[in-house]
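Two complexes come next, and they have one chain in common, subunit A, joined by subunit B in the first and subunit C in the second.
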Partner chain A sequence: MSLFWIVIRHLAEIEAMATSKKVITKEEWEKKLKDVKIRKEDMNKLVMNFLVTEGYVDAAEKFRLESGTEPDIDLATITDRMAVKKAVQSGNVEDAIEKVNDLNPEILDTNPQLFFHLQQQRLIELIRNGKVEEALEFAQEELAPRGEENQSFLEELEKTVALLAFEDVSNCPVGELLDISQRLKTASEVNAAILTSQSHEKDPKLPSLLKMLIWAQNQLDEKAAYPRINDLSTAKLEDPAV
Partner chain B sequence: MTNNNSGSKNEEEVGSYFLEVARGAHKKKEEEMEEDTEDDESPTELNTINSSGGFLVVSTDKISVKYPSVNLHGHDVGVVQANKPAPVKRLVYYFEIYVKDSGAKGQIAIGFTPDNFKMRRQPGWEPHSFGYHGDDGMLYRGQGKGEAFGPTYTANDIVGAGINYASHEFFFTKNGAVVGTVYNDVKGSLFPTIAVHSQNEEVHVNFGQKPFAFDLEDFEKQERMKQQMTVEKISLPPNVSHGIVRSYLLHYGYEETLNSFDMASKTTVPPVHIAQENGFDEQDIMYALNERKTLRQLIKNGEIDAALGKLHDWYPQIVQDDKSATCFLLHCQKFIELVRVGALEEAVKYGRIQLAKFFGLAGFEDFVQDCVALLAYEQPQESSVGYLLEDSQREVVADAVNAMILSMNPNLKDSHGCLQSCLERLLRQLTACCLERRSLNGDQGEAFYLHRVLNIGKKC
Partner chain C sequence: MPTPASALASASSSHRRASSDLMVRIGSADSEIKLRALRELKNQIIGNRTKKLFFLKLGAVPAVSCALAQAQAQAQADLLVQSAAALGSFACGFDAGVRAVLDSGAFANLVALLSFPDDKVVDAGARSLRMIYQSKLAPKYDFLQEKNMEFLLSLLNSENETVTGLGASIIIHSCETVVEQKALCNAGVLKKLTSLLEGSPSQKDASLESLATIIKKNPEAASKFVSESRRALSSVIDLSKDRNPRTRLLACMCLIVIRNTSPCHLQDIGIKTKLVYLLLELLDDPGQVGEEASFAFSSLLAQKEDLQKLAFEANAIDKLHNHLQKHLLQPRRYQGILLALAELCSKLESCRSRFLSLEVLNLVTDALTHEVADVRTAACICLRSVSRSIKSLSAGRFMKEMIVIPLVRLLHDPSTSVQVAALGAVSNIVVDFTTAKSTFLQCGGLKLLVQLSKSMDPILRFNALCGLRNLMFLADNTCKERIFLELTAPSLSSLICDPEPFVQERALALVRNLVDGCLDSIKYVFAEDGIILDAIGRQLQNTSKAEIGIQGMYVLSNIASGNEFHKEAVMHQLLLQVNNGTQAFILKFLQSNDSQLRTAAIWTIINLTIPSSPGASSRVVKLRSASIVSQIKTMVNDPCVDVKFRVSTALGQFMTIGDGST
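Then we have the complex of A and B:
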């Protein structure tokens, strides 16, 4: 080891001692990493779980053939679910509602908040297409009664109807409702409800594990100085901070 | 094997890495057990050797106690500890007592005491011990004076004591409900402890051999959810999971899946864009995608001869040294495939030509011995070397060949990149961090095991 690195290492140790942190060198850490047992089949399952939950049907089918991993859900149900999601994402809410009821009428029955959000999205689409009269009728007949039952529904209804008050919707305070992100939010909600009704977890496991990695490193930072991974997309080990 | 050019050195590194993986499979079963019990054992009965014999009587089955005589002062408590300390490598430890008879004064206690506890005193009356007492419902933690804690308890009550390693707390229950918690700052091992102190008191203890009155599973579930909720609040860079999945498919050569995935990603709303600047240098991992896919398919179908043929055509340098780890794995797999279809004579012939040279070579010997041992059994899949016949073995060989080809990339920057996908490195880091954190915490609490996390969903 060059003199430079020896000095750096000593500085790290001094700092660590000052804060009573354990110093773990890159070699020591790499040995610990090597001792971990990760099974290929478990990683395959994680990837399959991602493909299936996010709705990549064709990719899941190909992955099953190429890796021999069995999906944890019937692939046929994914196509139906994705059709609903796409319909909402494209603004065809009526179509989406019909499809959800075809899949499983209980989903909307047991999910008043989801149903309200879908109706709200319908209202937004009517306003977006300039169908003012239809929008008002729809708001009064379908949404107002729900609003009466529930304070937060009422607030959201009022926000949505407020869109009608503005000529230039791109600059109004509630303009974000017209943004595509609102459609995506609703689409995500309906996707999750369908998965739950099929007794499947609504979120893929991979993002949670990535969050757990960030959390675990933050926790360990309090007690030790060790090589960290700061960029998840490269998984490169950075030398312990001095 | 003393060829000094760097290409060959790379090859050795890759080859021996996967040889280790293949050999590791043999120890897989033992490790599965290790994960489950996590090394520490649970108490099962009461310790009759160090209990304050003379003051109390322990039943022959060692799970109940009685206080026979009349107590006279504060140093004739009938105390008994469990036969083992509370295990720490888990989320929670818990046990219960059933008060059969509260005797003259109901001076029963449940709690935890250290190894060297004075076995004539109530748990909680001595330093570093904790006790929840039935006669006054107080918690004692190291002094003669207790603190108001919970309800009193008496005959027919079921009282429990537990250690929550996630929150660093003791908790106590009465008839299935938590009555209180107290901070646990004890570093050393603690023994589940029960005590009786007046005439005719009788207590039965349950270390889990019978169902608890308290819903421990639900309690654990709640604790895990608390941690999950903290973790979920962390934000991730956009599309990072997408990118990691894509790089996984590229790394291992799942070409068809990758193409479907890329096509579908273009039509998602919004379309997924992967930042090209950081992370993936496409040239590196797109390398030889089609060849790697083809070879993986052949090996996964057990068509080793075809695979060797293709390798001779496309990458002769990989198979030119017949004593390399990669060739070794391929030849062993061919042997295994012959045994699988029952062509034992052919297998023996093949073994003599291709495998015999590996006997006596350190690093190869134990694996080749296992392979040859397959011949000894009528039902090899049921034997101790049956693991060789599993699909996972073919997977190791396929991954080894895949990594070898990746290492042939002339544009290769990071030689370690061939060995493990990005996902694998992330998962190893996660596991190592959790283990290190636990170890710096007196080894208390749950660590992270991918296998367990993946199978949790199955239970519900």
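Then we have the complex of A and C:
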């Protein structure tokens, strides 16, 4: 049986158990789990939702063919969105901006914070590539006006421009801006904005379900001793502590 | 490394060269070059207000409009998409851009794009038009023309989300009058919008906003909406629990509009409580939703004591206080929270006590010196509400320098709306039940009030007089003298004869407070040859407004409670016209439909004919010959108890005085 099935059944069982405190053995638990009904279609939809939101186009397409589950958005739009995400992750911010504007010109026009972060990323890339003169020009032309238009960006702006002041950028206090994680952060922000503009939920459902599981187990811990799932990746049922 | 200065100097000149080159390429005859240039321009301006302004000044908008028109003639989809997108971006949240786009004549061309066979072109056109319609500068849409209504319906019926969004924006922008609301209802727009409530997130939002616009202040539209579909109202209620905070806010705003417009819907305690909690929670949103939530909260609470009570029980004051304490409050958010506090404290003493106990007053007085006029106005309105607390006024909580000084300063604020709001707060604060009112007078407040009472703007004159009247309330003799000397008799008489009746009434109310109380105060109306008393007499003769009559008669009544000289002066005013053959105004007042006016008139007669005063009997003779006594006799069974009681007192006095005849 797939891990996924186990997790979902476990969650449903816990919710039912929440009212009484006692000790439940592994055998009793597994027997109860067997009685819980979960529909395969629901599971497939969760998987499809995960693949689509995260942008795994090929996997989503294959899953669609093999399971017959219809995605809730057009897979073609995923391709466009993934192209943008990839461009940011590779540091080609200008390209990403052009692609977003082709997809939907409203996104950056109505999202000042996102636009600022993309401009900020552009500056970071220029500095990373040692193009100091261009970076200075860019900071003056593009980032300073953002700070003027909106006071709340000033602090982040100052941090970014500080990068220019250091000879050895990798060792300066704001060095974390040069980290790959900064690119991923920006990429994630763009991804979410595009999903929202396409009227799609920006977070997949699966993590929420797992969070619910952990929360439900914590709640039940106060009332009963039962087989817990401690490792989400294996979904293994641990014997109850007695 | 090159010096920063030289780098920047060369940067700006190369930038200028690049942009003029871009402008040239936009006008190119070669489609490829033009397309690339348009795309480049679009990418430069999107999200970038500074660049929009820059290119606007370079004349980019007419150039792009031209490109749009040419592309239309040659049905070139790519060029249409890029030029429409560029124009849309110029118009996005940027009024100067909207104006430029409209001036360039592109509007009609954009509308034509909506029927183009290519979906991407339709999308681009609809999006740009929607941007334009979000601005007040957009052209007014005439719903009353059949062709236009049909076009609007076709937009709302479209499969394309952006196009339906455009339809909704047009309604939100242009639907203003009851006639327009009715026309939209009759054309079946409500039904269409109700179905869009089940659509995509953007359709839901657009529909909620347009429904609110059509239903606002129109009870018929509200009823039609609720009755046309069984699920209509419940759909909106469901949307108030939507995942998206903006949708929740718009749903709340729609429900509030329905509630306020049509008192038979949404009145149960459940929905009221829900709305209070939803809005308090939405206040926490850091963006625009949070800002607008406070305004929605104000409209929920306005004039509704039951809701203010519910909000108080939900700890609204504490929550709003917490928001006020945050740093860097955006001006609109600051304004919204202050106005919400003002509504909360407008009627309930419990709210005002809580407000004062939390020391919120300090945060509000800080706002009196904020750089944005709307925030200053909101702070004054808030102070006005809170200072309705008689308990706190008596305890002198407001007559403190840290409040009075900035407030008095606002009396010369450059913005009239700030001045009016400040006058409102001042008017309450000076009713502090202390006879000296020294703090206010020391800050030069009196001088400013008098100055404003001479303003060209009648609203300012009116509000200044309210302040002066309240300042005069229960003031001691020294204070009264100071006020009178500052105001001067000629000035007061001219205010009594002001062109605006509502100003006249206030001036008379001021005089009433002036002569009230100690007998010594009556002397003021006789200053400078009695110009004030003469002015009062003239106004009472000429007025047709009950309010003015009431104030004037109470002034005369107060004067008539004085000594013989005072009583005779009042008699003189009452009988002035009788000598010329015209009816005495007091007769008109005694016959008035307004019971308050009849009461005021009788009081004057009572004070004039108190049996113990020496000249009483000769006054009764004069009143009798002016037919006033006989008029009073007919009022023995007046429907108003107050009047009836006073009439019997007056008649009793006439009898006691006795003059031989009955």
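The criterion applied here is as follows: the second predicted complex is superposed on the first by the 218 of 242 C-alpha atoms of A that agree within 3 Å, B and C clash if a C-alpha of one lies under 4 Å from a C-alpha of the other, contacts with A are read in each partner's own complex, and residues count from 1 in each chain.
Definition applied: a residue touches a chain if its C-beta (ideal position, glycine included) is under 8 Å from a C-beta of that chain, and two chains touch if they have at least 3 such contacts.
Predicted model, so just to flag it, every value in this text is computed and none were measured.
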Overlay on subunit A: subunit C relative to subunit B, clash or fit: clash
Touched partner set for A:Glu106, first subunit B, second subunit C, both or neither: second
More subunit A residues in contact - subunit B or subunit C: B
Touched partner set for A:Glu142, first subunit B, second subunit C, both or neither: second
First (subunit B), second (subunit C), both or neither touched by A:Trp215: first
First, second, both or neither for A:Gln151, with subunit B first and subunit C second: second
Which superposed partner A:Ala59 touches (first subunit B, second subunit C, both, neither): first
Contacts of A:Glu133 with subunit B and subunit C, given as first, second, both or neither: second
First (subunit B), second (subunit C), both or neither touched by A:Phe115: second
Doubly contacted residues of subunit A, that is, touched by subunit B and again by subunit C: 199, 201
Residue ranges of subunit A in contact with subunit B within the complex: 22, 24, 29, 32-33, 36-43, 45-47, 49-51, 56, 58-59, 61-63, 65-68, 72, 86, 89-90, 180, 183-184, 187, 199, 201, 204-217, 219-220, 223-224, 226, 229, 231-235, 237
Residue ranges of subunit A touching subunit C (in the complex, touch as defined): 97-98, 101, 105-106, 108-112, 115, 132-133, 136-137, 140-142, 145, 148-149, 151-152, 199, 201
Complex contact set, residues of subunit C against subunit A: 1-2, 4, 7-8, 11, 15, 39, 42-43, 46-50, 85, 88-89, 92-93, 124, 127, 161, 200-202, 243, 328
Residues on subunit B engaged by subunit A in the complex (per definition of touch): 24, 28, 31, 228, 230-232, 234, 236-237, 240-241, 243-245, 247-249, 252, 254-257, 259-261, 263-264, 269-270, 275, 278-280, 293, 296-297, 300, 391-392, 395-396, 399, 421-437, 440-441, 448, 450-451, 453-454, 457, 460
